[in-house]
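What follows is a set of structures for review.
Two complexes, one shared chain (chain A), two partners (chain B, chain C).
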Partner chain A sequence: MDTALIPKGVKRCPMWQFLLGLGIVGAVLLWGVYAMLLCWFKGLNQTNMNDYYGFALWIWADLAVIALGGGAFFSGLLRYIIGKDELKHIINYAVLIGFICYSSALLILAIDIGQPLRGWFIFWHANVHSMLTEVAFCLSCYFAVLTIEYIPLILENRQLDKVPFFHNLSHNMHEIMAVFAATGAFLSFFHQGSLGGVAGVLFGRPFAFREGLLIWPWTFFLFTWSAAAYGPCFTLLITWITEKVTRKKLVKDNVIELLAKISGWMIFTYTIAKICDTTRWANITAPGLGQNLADFYTGNAFYGYWILFAEIVLGGVVPAIILISAGLRKHPTWRVVAFFLGVMGVSLNRWVMVLQVMAVPILPFDTWALYYPSWQEVATTLLPVAYGIILIMISYRYLPIFPQEAELNPIEEETSTAVEAHTKSAPDLEPAKA
Partner chain B sequence: MFPFSFEWLWDAGHIVFHGGLWYALNIIGIGMTYCIIKAVIDTSKGKGGHGHH
Partner chain C sequence: MKHEQNHTTPMRYGMAIDLDKCTGCGACMTACMAENNVPFKEDESDKLVSITWMRIFELNNGKAFPDTDICYLPRPCQHCEGHGGHSPCVSVCPATATDYSQETGIVSQIYTRCFGCRYCMGACPYHARYFNWWDPVWPDGMEKYLSPNVSVRMRGVVEKCSFCFHRYQLAKNQVYLDGERKVPEADYQTACTQACPAGAIVFGDLNNPEHQVHQIVKPDSENGNKSRNPRAFRLLERLGTNTKVYYLSNREWVRRAGDNYLAHEKTGQVSKPHH
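On to the complex of A and B.
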């Protein structure tokens, strides 16, 4: 039915199977859209946010997908600026994942601001004293860059590529992609950092506050660093999931191992910096502001020392050791364990820096303020997940996302035809003689 | 957002924030304009037929 649209040399599942998959994920998407419309039409009273929680599940999801989408800018930096040529075999997928993450982040923000029709105010009436203004600028611009990086991939669709203008446009965009990649890295550095900076400048909340360099608290640098470190982990985890779902090898091991190794060293250095930061904060910064470590991890039903351990040790030290050790990194199971722990670690870090910050009591008469999301918040947070799966399904089916797929999964019929044609074209050839 | 906006001030905050924004938007805009114009020229010269890359 849609054979003419499917890339050459690869095989895809039957149409009914594809539509069934789309239908199942589409149901979750519709549930999210319904919740989103409730939030837009009835207002933010549909959420469990309150005076304690101006930032809640949405902002955690926002920060998490932005960190996980960091694989796009960091892989682009490695491929186009630093010149790691092997990564050309995974960069398309990194861009697609980044595009999904950033469009999801913008969608979540559009729900969170309550009145999306006034979303443009942040540009027009910009508050230049707010780190979030810089986040909004960079996020929007970087989403434009990701769209530019995704467009050539769409234009390489088998049918679109036959149109000379589209073919030339795609070719030209590829030629100057390094310029866009460099712009993307510049924008990412600042918006990832500013998201961390938002927490770090909260001098009234000792749990979040950090000293820093000039106007930038240490969390600014830690957030950028962690996005560059863990973003590729997410790209690799989604690649692994895609391989399991399609039951195909899509990217060669040397490419996976290279990106895993770089990610491992980035996580390792980030974790050292994070441990130094935590040590200083626990012993100097927080006591200087009148609170100590026990105030942040005791006296409530949920936030204990386990969360600190899970974030730094399980989500930092363990994946770093696995990915920088050649033996463990080459072992497929350990590698995936590291990817999973890494993704969990950075998501937990964002959770802590958004939600635990709000939960910790800061006044003598105050108590812990725990929060659980409403179903509307959960549904609207699952909405981007469903949207992402659908976009991956459609892109994988119709676009040449994985350049090595045809080579790694030769189609029987074509292989035998090719061998036959080769034999027929050179019937008189003899084996080479030494 | 623009210097002619009533709330605009010629201070460091506005210059740095909006300077950065316009810098990025210009690179994106000029880059895409270049790609599109070159694609139009290439297409008018007959490049990009099926099988060409």
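On to the complex of A and C.
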């Protein structure tokens, strides 16, 4: 039915299967849309947030998807600026994942604010001292860059590509993609950092507060670094999941291993920096404000030392060792374990820097405040996940996302059909030639 | 001209709350809610979603009877000055919806500019900022009793104690009409101060030696506005928030409860903030 739209040389599942998948994920999407409308029309009383938890699940989701979407800017930097040419085989997917992550972040932010219609005030009445202002500006600009990076991919659709204007536009956009990659990397360094700064500048909250360099707390640099380190991990994890779902090899191992190796070294160096930061904070910063480590990890039912271990050791040291060790990295199972642990580690870091910050009591006579999200919050958080899956399904079906797919998955029947068609068409051409 | 400039010396309005006088009666909370049109719900039992610009905490010394001792601590917005007006909430607000007045030292909240991101709430260590999770709904007829001097707030914005700033504006207008230049101490008092039956709250200009609050607190401007009164302390002073609400108590355990201390540290020992 839609054969004319499917890229040449690749095979896709039957239409009914595709529509069934879309329907299932679409149901989750609609559930999320319903919850979103409830939040917009009835207000944030639909959530379980409260005056102690002004930041909760949504802000964590925002920070997490932006960190995970960091694979786009870092892969772009490696491919176009540093010149790791092999990564051209995965850069499309990294861009698509980045686009999904950033559009999701903007959507969540639009739900999260109490007066959505005033969202533009952040640009109009901008406070230059606020990290959130910087996040808003850079996030919006970078989303525009990702859109520009995604457009040529859309234009490569088999039918669109037939239109000369689109074909030339796509070609020319590819030619100058290095400029956008550099812009994207520049913007990402700032907004990823500012997201770290959001927590790090809170000098009223010893759990979050960090000293730093000039106006930037150490979390500014840690967030940028971790997004560059773990973003590719997420790209690779989603690639692996896509391969499992489609039951095809889509990217060659040398490409996967190269990105995994770079990611591994980035995680390794990040983890060292994170350990240094944690050590300094636990021994100098927090005690200087009258608090010690036990104040932050005991006396409540959820936040224990386990979270520190899970974030730094399981989500940092372990994936770093797996990915920088050639033997383990080349082993598909260990590699995927590392991707999974890495994604868990960075997500946990963002959780800690949002939710645990809110949970820890600051006033000596106050108590821990624990929170669980309402179904509306869960549904609106799953909404971008469903949207992302749908966009991947559509993009994968109709766009040449994986340049190596045809080579890795040759189609016997189509090759023979193509030969036949060529043979048949030859006599038709004869009269013209004559 | 020089003479005029002397009259514009910045003010730092603040409070001294004597915790040894406070009985925890809640009159300050009630007066505050009535004065500032603070919305309420039918069920106010969940204090995590109820708006109390002035909130009273009950503290105890953690000892068993007969050594048990309790203290009630009224907590308005602390109107932090931070370093040069960079109070925790003001510096983070992305839309400049909250501001530190260099003229009065009061931290304002511009309700019509706030778009409800709640970053300021996360930044405030005193939980003095509240979000309007619901639209305000007044019992039938009560809307006629709302104060015309204070705008009611809509759903989706943050609000907090303003040190009854509208009273300052009214007093300032009156002073202008009277041909004076400075607002007399008695002409600008907050609702909670006037409502306190025990006289536990004293309000005024911390920079003005004629004001009672200055005489009680004796702020040391050379030392981060720390009080020279040995009975006085500020909440979480070592964070460097540089608040303008001072608490007074003769009881050491109460003064110690005002800040976080490591086990070996003495009460009142405040290290220099890192930021």
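Please note the rule applied: the second predicted complex is superposed on the first by the 413 of 434 C-alpha atoms of A that agree within 3 Å, B and C clash if a C-alpha of one lies under 4 Å from a C-alpha of the other, contacts with A are read in each partner's own complex, and residues count from 1 in each chain.
Assume a residue touches a chain if its C-beta (ideal position, glycine included) is under 8 Å from a C-beta of that chain, and two chains touch if they have at least 3 such contacts.
Being a predicted model, the structure only gives us computed values, none of them experimental.
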Partner chain(s) touched by A:165 [first = chain B, second = chain C, both, neither]: first
First, second, both or neither for A:54, with chain B first and chain C second: second
First, second, both or neither for A:114, with chain B first and chain C second: second
Partner chain(s) touched by A:280 [first = chain B, second = chain C, both, neither]: neither
Which of chain B and chain C A:331 touches, first, second, both or neither: neither
Contacts of A:363 with chain B and chain C, given as first, second, both or neither: second
First (chain B), second (chain C), both or neither touched by A:179: first
Comparing the two partners chain B and chain C, which touches a greater set of residues in chain A: C
Partner chain in contact with A:252 - chain B first, chain C second, else both or neither: neither
First (chain B), second (chain C), both or neither touched by A:145: first
Shared chain A surface residues [contacts with chain B and with chain C]: 124-126, 129, 133
Sites on chain B touched by chain A in the complex: 1, 5, 7, 11, 13-14, 16-18, 20-21, 24-25, 27-28, 31-32, 34-36, 38-40, 42-43, 46-50, 52-53
Residue ranges of chain A in contact with chain C within the complex: 43-45, 49-55, 112-116, 118-119, 121-122, 124-127, 129-133, 136, 198, 201-206, 209, 211, 285, 287-292, 295, 357-358, 362-366, 369
Contact set on chain C toward chain A in their complex: 46, 48-49, 57, 59, 73, 82, 86, 88, 91-97, 113-119, 121-127, 129-135, 154-158, 235-236, 238-241, 256-262, 265, 271, 273-275
Sites on chain A touched by chain B in the complex: 123-126, 128-129, 133-134, 137-138, 141, 144-145, 148, 162, 164-165, 167-169, 171-173, 176, 179-180, 183, 186-187, 190
